[in-house]
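Please go over the structures that come below.
In what follows, chain A forms one complex with chain B and a second complex with chain C.
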Partner chain A sequence: MGRPGAVIEVDRNTPPTLFHFGEGVRLERLPLGTRVVYPPDPLPPIAHPERAIRRALAHPLDDDPLKSLLRPGMRLTIAFDDLSLPLPPMVQPDVRQLVLEEVIELAAAAGVEDVHLIVANSLHRRMTAEEIRHVVGDRVFTTFYPDRLYNHDAEDTEGNVFLGTTAMGEEVTLNRRAAESDLLIYVNLTLVPMDGGHKSLATGLGSYRSIRAHHTVHTLRNSRSYMHPPDSALHHACTRQGQLIEDAVRCFHIETAVNNHCFPALVNFMQKRETDWTAADQAAYLTVKQLTDLAPPAVKRAVFHSMRAPYGLTAVHAGQVDAVHERTLAAVERQMLVEVEGQTDIVTFGVPYLGPYNVNASMNPVLVVCMGLGYLFNLYRGRPVVRPGGVVILFHPCRYEFDSVQHPSYIDFYDEVLADTTDPAEIEARYERCFAEDAWYRQLYRRSHAYHGVHPFYAWYWAAHAMEYVGDVIVVGGERETVRHLGFKCASTLADALEMAEQTVGRHPSITHLRFPPLMLADVR
Partner chain B sequence: MLAVQFIRSLPAYALVRASRGHPAVATGDLSMLHLGDVEEPRLPGPGWVRVRPGLSGICGSDLSAITGHASRYLDALTSYPFVPGHEVVGVLEDGTRVVVEPALGCRPRGLEPPCRPCAEGMPGRCERVTEGVVGAGLQIGYCADTGGGWGEVLVAHESQLHQVPAGLPDEAAVLVEPLACCVHAVLQGRAAPEEVVVVQGAGTIGLLTVAAVRRLTPPRRLICVAKHPVQREHALRLGADQVVTPDRLFQRLRFATGARRLGGPDRPLLLGGVDLTFECTGSGRGLDEAVRFTRAGGRVLCVGMPGREEVDWAPIWQRELTVTGSYAYGTERDGRRTFELALELAPELELERLAGPLFPLGEYRRAVAYARAAGRLGAVKVAFDLRDRQGWD
Partner chain C sequence: MRFELLRDLELVRRGWRWGQVRPEWPEPAAAIPELPSLEWARAEPVRSLRWLVQQGLWLPFTRLMTRPEVEGDEWLRDQDRAMILVSNHVSHADTHVLLAALPDRVRERTVVGAAADYWYRRPWLGRLVSFWLNTFPFARSGGAQGVLHSSSRLLRSGWHLLIYPEGTRSPDGRLQEFKPGVGHLAGETRAPVVPIHVQGTHRVMPKGRRIPLPAPVRVRIGRPLHLEPGEASRSFTRRVERAVGELGGGSRAPEVVGSWIERWRATAPARRRPRPGGGRGPAGGA
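On to the complex of A and B.
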């Protein structure tokens, strides 16, 4: 059994602390008295995943066994999470592959022939054939791709149907094939608590028309946090939409959870607390540090993005979405939760090379904000780790660097929109529709591998709560012009950043460092 | 008189070309440019007067000649040796302050009847630029018999002179000639109010084109392509709605026009794009890019002086583009002289902010080197200052 998460205070004997720094790492000496929050060790994985999956399908929660729902001549659609989860992509076999194989086997045994598999990529980029193969495995891929295994297309007017409007006025659309199926199965991989549940179908197979109902500045500012669904206006909206979908089509949910074993053996030091580092870990750190300091960005990117995480399955549940999701969330929180006593004046953390929206691409400045002030800042339950008006210090090179294939609208968002204003509400009011309906972005989303035109807006909105809540944001090691363009401050060193932060939070501030990844959820008391 | 003279020499030309126009070579002892005591130009005929230059700009076309980049096409239209300098504010013997309209058409040449373009008021298109009372030369500053602004005296025909309004500083007046070129180009381009217009390049010609477009034919959106921060500031001040850097050019223009952007094997291209482009860099690369981001059926005006450049003609052919040159000035459609229009515009543009640094003739080597790197050094119009030598106040 691994250790639970911990909060350790820096004293004279504390070794320097690891900070992720984009496609690099660095060690920093934190001031005495700083609290360092460490995630729990990885939970032991389920020894026989296939057996656990079979059991879940045979004994679902609040639903009939899957076998009994399958019959010859039926239309069966299986949707599954796209490559934004897990991060980094996991070593094969991906748990989705294991689940899909079991489900398809059951369907075949029941004589179901009309089976389609849909990547629930929402407004994310289309996955490439090789990426799909990696997730579903060779067997499923060669059997179904490309005719019966494909990406969802949120911009295909014929391929999506309008299902109705929720009591709160949220419109709901769904992929037509899914909506017109006799049974819709969703295979989910819940990495963090914001994933899964009703959100999977409502967004994964939705369109701009339905997603815009909750991906708004107002909703996200009132989701405190969206990493804790009971306190998340975003999730409440998704639940309403999900219920409407369930009224329209017979759904069966399968959710999985994995542990936080996110780094391969070669860089296992990233997984460990610095006090646990062996000589081999120290050597590995020095090697990685030297290589990432010297190697050109393209080489670093290729190396980092080729990493595969040895995640282990910790939970699998099937059946009715609410019942399944409740159990899944419990498993996720078991892995992620760390108790933190009280808030802090300053919170520090490094932003790693990877977020949900830059698999196999560079993390552009907008995504740095999304990752840092969006996802990582919101990994709390109850209250943020930093106090209202406090300071966030994050580490990232924050270069003006965009992937023109994946993120064309991000480039325009950065150059045109952020040059005008960084205020999320103003951006939403003045620019969102124009980007969302841009014919060229639409074309690139549908035919190339580009994120939807509206996606950079959502990435920015994810950070809206943090921007409103904190007093200052300082990026250590960032490209000055870029950081200023984003509306934040830039510092060369941690010491400089702390000195700058004192102007906002006063002398002798309390400091807390969140040492992720692996990801954790701070339960702030 | 003291003057910088351009003396044609094949070995010197070869040397300068071999150095790729490096300023140290292009202005060195073995170059085609020499400072010395030369004979004052004589008055060629009736109506000609002496002008004593006060400020004289260094133009891109001067730099092209000095660095060996100018097209050999121009050789036959030039007489040697000549004193360069055609952007001139100077004084007449009676003290009148004038700017010189340097084009040498039929009238200054004393040719009657004039050729058809000159009769139509377009001396820049004169068909008899090798005939008459002065030698071959498109302009003062490229003619062996007239002198030029880089010397203490030049001669000009009275039809080429425009009195400078009292309130206009010399530093602004020295930019009236390039401004007139840009006014001519802009009136030729005739941007419509609903169009998106790009000015490619933000040197003197680019910036003055921005100013002229904004004031004479304001379009829906005016975008300037500028490499350096100072150019960016000037472009915005003079009326650009947006300034983009060359490295982000296609991305920004795609956004501005709602076009489609394709990668292309060597460089990107837009499907759709801007309506009208003023190409003000005079480079093959600039033109090559312009024909890739100007929409099908659009227009490209070459305002900057090009040399012998390699340009991909496929987009011009496939897009049915209209690519035209725009040279000099004359009489515009409303019957007014381009120089008059430029002199009217000049005061509100605060052109003096674009002028400088100023160099004495003796420092011509530094001046040329500075002008070659003007954008990077934060300058726009580098000029010679001869006012001390002329006894100006």
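On to the complex of A and C.
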């Protein structure tokens, strides 16, 4: 059994602390007295995943065994999470492959001819054939691709149906094939608590019309945090939409959880606490540091994005969505939760090279904000680690660098919208609809591999809660012009950043460093 | 300036990577420079040197990286004639993997057809690859009679010929249409054609990557095919293409009108896969 998460206080004997820095890493000496929060060690994986999956399908929670739901002549649709999960992509076989193979095996045994598999990519970019193959495995891919295994298209007016409106006025649309199926199976991978549950179907197979109901500045500012579904307005809206979907289609959910073993053996030092580093880990760090300092960004990106995480399956549950998700969340929290005593004036953390929206692409400045002030800041339960009006210090090179294939609307968002204002509410009111309905972005989303035109807005909204809550945001090592354009401050070193932060929070501030990835959920008491 | 240049290059490189199916423009006629004689590559002492390099360097490396699982190599052991070995092509790693999969006696007598307009455009690269893998220039347009003639000369002098009739690496691992050269060659020499399917090399070194990554690879070797009396070379090419496709479990886009269930059952794995997380540690609760 691995060690639970821990909070240590920096003293004279504490080794320097690792900070992720985009496509690179660096060690920093933190001031004495700084708290460093470490995630728990990886939980041991299930020894026989296929057996566990078969058992989950045969004994589902609050539902009939999957085998009894399958019959010849039925329309069966299987939807699954796209490449935004897990991060980094995991080594083959992906747990979704294992689940899909068991489900398809049952469908084949039952003689179900009409089977479609849909990537629930929502407004994310379409996955390439190779990316789909990596997730589903060769056997599923060669059997179904491309006619019966494809990406969801949220902009296909014929391919989506309007199901109705929730009691709170949220519109609900669903992929037509899924809506007209006799059985809709969703195969999920829950990496963090915001994933899974009703959100899977409501957003994964939804369209702009349904997603705009909850991806708003108001909802996200009232989701404190969206990493803790009971306190998340976003999840409440998704639940209402999901219940409407469940009323319209017979659904069967399969959710999986993995441990936090997210780095391959070659860079295992990133996984370890610095106190556990061996000479080999130190040598590995030095090598990686020198190479990432010297290598051009494209080379670093190619190397970093080729990393595959050796995640291990820790839980698999099937059946009715609420019962399944409750157990899945328990498993995820078992892996992620760390108790933190009280808030702090300043919180520091490094933003790594990868977020959910830049798999095989660079992390552009908007995504740096989304990742840092959105996902990483919100990894808390109860209260944020930093106090209201406190300071967040991020580490990231924050270069003006965009992937023109994947993020075309991000470029215009950064250049035109952020040049005008950085206030999420104002941006939402003045610009969102224009980008969301732009014919060119729609075309790129449907035919190329671009994120939807509205996506940069959502990325910005994810950070709306943090922007409203904190007093200052300082980016260490960032490109000065870019960071200013985002509306934040820039510092060259941690010492400079701390000095700047003192102007906001006062002298002798308390500092907490969150040492992720691996990801963790701070339970702030 | 240096960094500006790199950035511009990156923009150009990324700007055209649209990832969607592109139109298949007819290939221009292969521009093959005047080739030096490559007889030296198949003569002593180069053969012995190559054997040393193979045994000491890239064969162990290839086996370590790919752990090749070979099926059907018995079809090669009993052949006493020169053969045309025909394989699908997804990666630069294919040739190393296929040569590693061949029995020693066959490998030593195998020459590899390498795209003339790619590998032999630069003389030094052509010489290097000829030494390293025993290659010879092979035209991709399918119409270069001179190259076909040199191929048949090699076959007649007892060398086995490994060629990739798709002409180029498949962008997504699916089998592409075979060019008719293989049928012409079999018709001219009456040599048996051995269909081979290699799977998994796209993970070792996909198109566009320069550094190989470890990944398991499977090589399936099929029964040798012979040109039937009266069979046209183009229809024989189609037959070879089907045989390679069948070895790969139908890697061309499946016809959905048929039953997916039959295809699913036909591709059932013989052995269990490795588990996520390596299955280490005690059994966890499901």
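In this section, the second predicted complex is superposed on the first by the 525 of 525 C-alpha atoms of A that agree within 3 Å, B and C clash if a C-alpha of one lies under 4 Å from a C-alpha of the other, contacts with A are read in each partner's own complex, and residues count from 1 in each chain.
As a convention for this text, a residue touches a chain if its C-beta (ideal position, glycine included) is under 8 Å from a C-beta of that chain, and two chains touch if they have at least 3 such contacts.
Keep in mind that this is a model prediction, so the values were computed, not measured.
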item	value
Chain C versus chain B on the shared chain A, clash or fit after superposition	fit
Which of chain B and chain C A:Glu416 touches, first, second, both or neither	first
First (chain B), second (chain C), both or neither touched by A:Pro388	neither
Which superposed partner A:Gly164 touches (first chain B, second chain C, both, neither)	neither
For chain A as apex, the angle formed with chain B and chain C - C-alpha centres, to the nearest 10 degrees	80
Chain B or chain C, by number of chain A residues touched	C
Which superposed partner A:Trp440 touches (first chain B, second chain C, both, neither)	first
Contacts of A:Gly487 with chain B and chain C, given as first, second, both or neither	neither
CA minimum distance (chain B, chain C), superposed complexes, angstrom	6
Set of chain A residues, in rising order, touched by both chain B and chain C	404
Residues on chain A engaged by chain B in the complex (per definition of touch)	404, 408, 411-412, 415-416, 438-440, 443
Parts of chain C lying in touch with chain A, wherever the complex brings them together	3, 6, 10-11, 13-15, 17-20, 172-173, 199, 202-203, 206, 209, 213, 249-251, 253-254, 256, 259-261, 263-265, 267, 269, 272-286
Residue numbers on chain B that touch chain A, as the complex places them	248, 251-252, 254-255, 258-261, 263
Residue ranges of chain A touching chain C (in the complex, touch as defined)	43-50, 52, 55-56, 90-95, 98, 104-105, 108, 111, 113, 115, 128-130, 133, 138-139, 142-148, 258-259, 261, 296-298, 302, 306, 310-317, 403-405, 447-449
